[in-house]
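This is the structure I have questions about; it appears just below.
To keep things simple, chains are lettered A, B, C, D and E as they appear, and every chain counts its residues starting from 1.
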Amino acid sequence: MNLMIIENVSKKFGGIAALKNLDLAVEKGRILGVIGPNGAGKTTLINVITGYEKVDAGKINYDGKDISKLPPHVRARHGIVRTFQIPRCFAGLTVLENIMIPVLLRHSRGEAERRARSIAERMLLGDDLHKQAETLPVGGLKLLELARAYAASPRILLLDEPMGGLSQDRMEPIIRLIREMREDGLTIILVEHVMKAVVALADILAVLNFGERLAHGRPCDVMKLKAVRDAYLGEGHA
Amino acid sequence: MLLSSLVINGLFTGLIYGLIAVGLTVIFGVMRIINMSHGDIVMLGMYSAWILFEKFGVSPYVSMFLTAPLFFLLGSLIYEILDPIPLKRREMSSLIITLGISFVLATSAMLIFTADYRTVTLPYSQRVIDILGTRLGYPALISSAISLVLMCLFRLFLSRTHIGRAIRATAIDRTSAALLGVNVKRISQATFGAGVVLAGLAGGVLAPIYYVYPFVGSNFIIKAFAVVVLGGMESVTGAIAGGLILGVAEALGGAFLEHSLKDIIVFVLFLGVLFFRPTGLFGGRERNR
Amino acid sequence: MKRSSHRDLVALLLCLGVLSLLPAVIDTRRMPYLFDVLFSVNVAVLLASSWNILGGFAGQVSFGHAGFAGIGAYAVALLPHHLQWSPWLSLPFAGIAAMIAAILVGGIAFRLRGPYFALSTLALAEVARLVVEGWRSFTEGTQGVVIQQKPLYLFEADGALFYITSLWLAGIALLAVITIGQSKSRYFLHAVGESEEAASALGVDAWRCKMSALLPSAFLAGMAGGILALHTGFLDPESAFSISRSVEPIILTVVGGIGTALGPVVGAVILVPACEFLRSRFPTGHLLLYGVLLVVFMRFMHGGILGMVRRKRL
Amino acid sequence: MDYISPTSIDARLAEEVALSRNVIALIIPFIILFPVTASAQETFRIGAPLPMTGAGAAFGEKFKKAYTMAIDEINAKGGVNGRKLQLVIDDTQAQPPLAVTSVKKLVTSDNVVALIGGWASGVALAVAPLAQELRTPYLLDHPALDDITRQGNDCVFRLQPTTGMYSAALEDFLINVVYERQKKPIKAAYLYVDNAFGQGVAKYGIMPFFKEHSDRFVLGVCEAYSEKALDYKPLLLKVKNASPDVIIFTSYLTDGILLGKQAKEVGLTAKLVSGTGAGHSMQDIYEKSGGAVEGYFSSGPWHGDVTSPAWKKWRGDWEAKYGYPPGEHEIEGYVAIQVLARALESVKSRDVVRQREELRVGLKRTTMVTIFGPVKFENFDGYTNQNRAYNLTALGQWIGGKLYQVWPKRVAERDPKY
Amino acid sequence: MLELKQVTAGYGKIDVLRGVSLEARAGEITALVGPNGAGKSTLLRSISGTVVSAAGSITFKGIPLSGRPPHKIASMGIAHVQEGRMVFGSMSVEENLLMGAYLKDRRGKIKESMAFVTGLFPRLRERMRQQAGTLSGGEQQMLALGRALMMRPELILLDEPSLGLAPLLVDTIYSSLETLNREGLTILLVEQNVRRALTYSQRAYVLENGEVILQGRSADILVDSAVTSAYLGVPLEGEDRLIRQSL
């Protein structure tokens, strides 16, 4: 069953089309990987789904309802939660407080702190609970970004390059975490450049190019397509 | 006839508003500092024009360029006060510091020049020229023309010279600029100096058409802010456009509404523009914190 | 956590109680000037704390608090003017009127960020002033309104009454600050202040959150304007909406320590008497000295007084 | 960068509370010990709440000079009843809220026997009831808004005419000369500065006049303008478009200068252009507008017979002392001190509270003739302690750089150029 | 050409680098690899002067760099291309490139430098008038590199040039690096993609927790996959193998 269906969505900036008549669907409990060259419209896709950009045309169907008119925070409360490519942590707050923010919307402070703690432990941030967020290294910020999004009780999680800027050793645990989230029943849209991670995680892979869907299907099938390889990996690659 | 006169008149006044605002824009763009003493520097510009005219008979249109180095020095000096403050705190601290400087400048001017109103009356101040049926006094004409030329020159300076580009680059990203060999502190200081010089020049341009007294700065500061925001806080072109829009809006508002209420038009326009373009007419996308 | 908030509350009430006794110890009739200065300190605490809720907690720097204060002042002046009320009874309406204005302000200005927000609030305050100036039949325009300080039932409208009222208004402001500071909403305010996008991505309603800071802030600013107008006994648009009234709370808060809960109090308690002292001793040069004071203060204590003391202690 | 600072919001708040408690505890004693002086008075102190900074500072300075000159002269002759006069100035920035605090300080901390000045009508409106409450005589020498002496305050005295009286001479001239010559309805335009003074002249002077004489005068453009504008040409163009026969301005100095200059610029002319005192009666307006107001009339308070020897002598003294010719503010301030000094002669007590009451009675009884004209504070037509100054307005005209009194005939220095 | 001895540096009270010694030889590409947070970027920053080193010495052609501000170091012929393609977004491509020639003694050779850069990256020539912020990620990286080349540096510090780029573009960037190196440019390269970094470089240093734990000829390190996998925690061929499998 599809949790989210994106129908015929278009979005223009100035004269340039960032998304062109895009159709995409995500099945409940699955991970949809989205890849494509820079400027293909991947981040715009996330912005459109989460409400940071309004669509020019088309519908975004979530759980049977069109949500394309709702503001971002309402979509977040409905369970559509995103992360940012460049982590946007609340620099002046501690790691724990950062994670508490979404939990506080639903729970008392004591409860929120307890929950945030356990999320932090799970997200490998247990040692940094009382550090100010701005003092974390990039890897820590990426984890915090993920932990905070997870704390917002998402039903569908949109991850914008969660591996970007991480070294290989740091990717492993994040890949593991994302996989665990999926096993918990979360639906995930993963925008990522690191092929290893995408291939390891995605159930379905969509390739965007110039705002259009170039390919869609099981990762192994998609990667075989010549068009994909030309556009994304470069001719003669591998 | 009346309408065209009003518009032409508004455009000419707008150029002067533009010049008053440009210095504010530049300082904000590069340093993220809202210079609260801007109006008082304009006031100093007017006083220096006045005193050189009274004592030595030098026309403000000449003396403003003679005193420009002094204003550059003043700007560099103010920058020296602000420079050691960590960037994170600079936005608010500099607000208070420049406000303090504003008090200091205005009061000093009062102690030196007394609080009396002063004006500069040029020999040709009564002469009038007819432009498309609109009568304009020589001083108003010359002041507006000089404002326009100065703003265009400054814009060219920013886009065509190495220093100008360095100023813009520093505004966008200090670290990257430094890595290309730009002495960021020097450039910031020079920018602050340039902003202050522009304010001083605006004073020179205003002297023959307005009056000066120590607290006259407060008469301009809100208008200057309005212009800066209208055009987008980092854009020189924006400041010119903002000035022109403000000038025309004021002229029409003054004629079709009661004069004392003309500013309602100005501010409603201002809020309207921001409503549809939250970063002003020529402002870019907001930067991340 | 709960215990500490109770303790703060008790301490606050105790302070207010003790300070309320001051007029019993010192005769206000003999020293109205002293009580005037204390009154000014109280109003400054009120206004600066109100600013701090919006500017310090929610990170929305406003240049337009004079607008709220002015609207509050006019509510106090015009209700009795048109309805023959006791101005004291209309004091609460000062806050309410400012709050109504705030809904409008929030609708317009909260679309904007940073300096654009700040300067749009300045513009809105100017619009409010111009409307008051232009609407002569209702507001008396630039000529101003005289407010008869009719006695409030048993009390006489003397220095003691103004002192105690302003003291408790400042107390209410501090109570609001402490309540917000210890509630969940301060987390949301902080989050929205740092990054609206990130906060709303987590489900925080940024607009409502900012509004929840603006409304109490405007209410308190309105009260400050109201009590000040009542104290002056006369109100004209130029002083009611004067830019310096927007700037003053910013100065006090930043000098005291921006983003801290009690910075505004510290700033007001130090700067207001200092300013008054300079003004009475140096009628022509006081602004020069005040300016130098501000420059030196901020140059060497860029985190404000509280910020600096804290850094020293670490 | 303070990395190790405790960063949780709660910890920070608790810490702040503790910190500020300490800081405030340190400061409170200083406030309690706020300077309060209360010494026996060997001098008569006169408190002047004046704008010494801010936009009105130029006027504060004028009055300071005028008071100082008068007080120096009186003290040189031994003071009043053997006691010297002493001036205490407090800066109001022309802001009523500050003025209230100023006055309380002057009265209770400086123990002044009387208040004087205030410059702006708004300030005086706030100060007057306070002076009444503090039972301290307050002598107004410039704030002209009618309401100030219409509130039944027996401690508030006003030396000069009210706004409603400013235009009396002009009105007289309009009816008896302008209309008589033309004999058909006259088109008029009126522009007034949008502040308490301008509103006062409009409300109590000009507007009632035009209403009353609507058969003879048609008031076309009639507008309040903002004081600090850079550009008045749109307004003047509008007036020009209506081509009135008579233009009346109520202006301060700076706006008056700009209006004069810019009227020239847009080519606005009329058969008669007149100001109503204030800016248009000040020597500065002629010089600083580059003579643009040549031929303008100005109807305002009459400041005595400028041709009389006493006036001429005074003018000479003033110019010798300050280097410029005195105008309406200077003479008002100077005479106000003289009036106070005269009334102080009846003060015998050494207790300042009693002194104030004696002074109040003394002022009430004062009848004197100054270079300004006769002074007597009377209650009439709803006014309290108002110097009856109906016949103290005169119409002047700028001719060759000098403001000559031209109307009413009995005080005219020369004939009007009309 | 560049020599670091026992350099310690960091932010505030936290040291990110602890006694690092390193050498970049003239005409070589030296790679700097290691996990995130190891201090690679900090190392580059302390060379270019944007981070002040607390102890140790950094010398360039025998001249000590410590204590010099970034613009002085830049004028000595060291270009630093920061992580994340920090181009001046609201300036045109041309203006960005001209900024590269900001230093006085570089201004005379603007024409030649421009020709060289546009020869290397023809796509920049097509977009001279376009605002840099509207370029695609790959083009921005080219611009950042091109801008650095306009400085006519002797040594270029490159921080993660492939970050966030599609594989196709990474190839383009690397082949241009090879070209530049062949023409005699010395490069100090920080790269997360270990295999690529080691393939293209002559010598390499492995950094972990602010210390150098391994150094030597890149080929040796690459071949000694047992060593590398132990230190890097990832099978070197991992990424490509996974992709190949799925293909």
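Everything that follows uses one rule, which is that a contact is a pair of C-beta atoms (placed from the backbone, for glycine too) under 8 Å apart; a residue touches a chain by one contact, two chains touch by 3 or more.
The structure displayed is predicted, hence computed values, not measured ones.
In the chain contact graph, what is the shortest path length, in steps, from subunit B to subunit E?
The fewest steps needed to get from subunit B to subunit E is 1.
Sort the other chains by how far their Cα centres are from that of subunit E and give me the top one.
Computed centres place D farthest from subunit E.
Quick check: how many Å separate the C-alpha centres of subunit B and subunit D?
34
Just how far, in Å, is the C-alpha centre of subunit E from the one of subunit C?
That pair's centroid distance is 53 Å.
Distance-wise, how many Å sit between the C-alpha centres of subunit A and subunit C, to the nearest whole number?
The mean C-alpha positions of subunit A and subunit C differ by 43 Å.
Rounded to a whole Å, what is the gap between the Cα centroids of subunit A and subunit D?
About 70 Å, centre to centre.
Mind pulling the residue numbers of subunit D that touch at least two other chains?
Touching at least two other chains: 3-5, 9, 53, 194, 224.
Where does subunit B touch two or more other chains at once, residue-wise?
106-107, 110, 218, 258, 260, 263, 289 - these are the residues of subunit B that touch more than one other chain.
Which residues belonging to subunit C are in contact with no fewer than two other chains?
Counting only residues that touch two or more other chains, subunit C contributes 1, 133, 142, 187, 190, 194-195, 284, 286-287.
Note which residues of subunit C are touching subunit A in the complex, please.
1, 184, 187-188, 190-191, 194-195, 197-206
Using the touch definition from the top, list the residues of subunit B that touch subunit C in their complex.
Interface residues on the subunit B side: 28, 34, 81, 84-86, 89-90, 92-93, 95-97, 99-104, 106-108, 110-111, 218, 222, 225-226, 228-229, 233, 258, 260-261, 263-264, 267-268, 270-271, 274-275, 278-280, 283, 286, 289.
Report the residues of subunit B in contact with subunit E in the complex, numbered from low to high.
159, 162, 165-166, 168-169, 172-173, 175-185, 234, 284
Quick check on the complex: what are the subunit E residues that touch subunit A?
Touching subunit A from subunit E are residues 14, 34-38, 83, 136-138, 160, 163-169, 171, 192, 194, 232-234, 238-240, 242-247.
Looking at the complex, which residues from subunit D come into contact with subunit B?
Residues of subunit D touching subunit B: 53-55, 57-58, 60-61, 191, 194, 223-226, 228-235, 237-238, 241, 253-254, 257-258, 261-262, 264-267, 284, 287-292.
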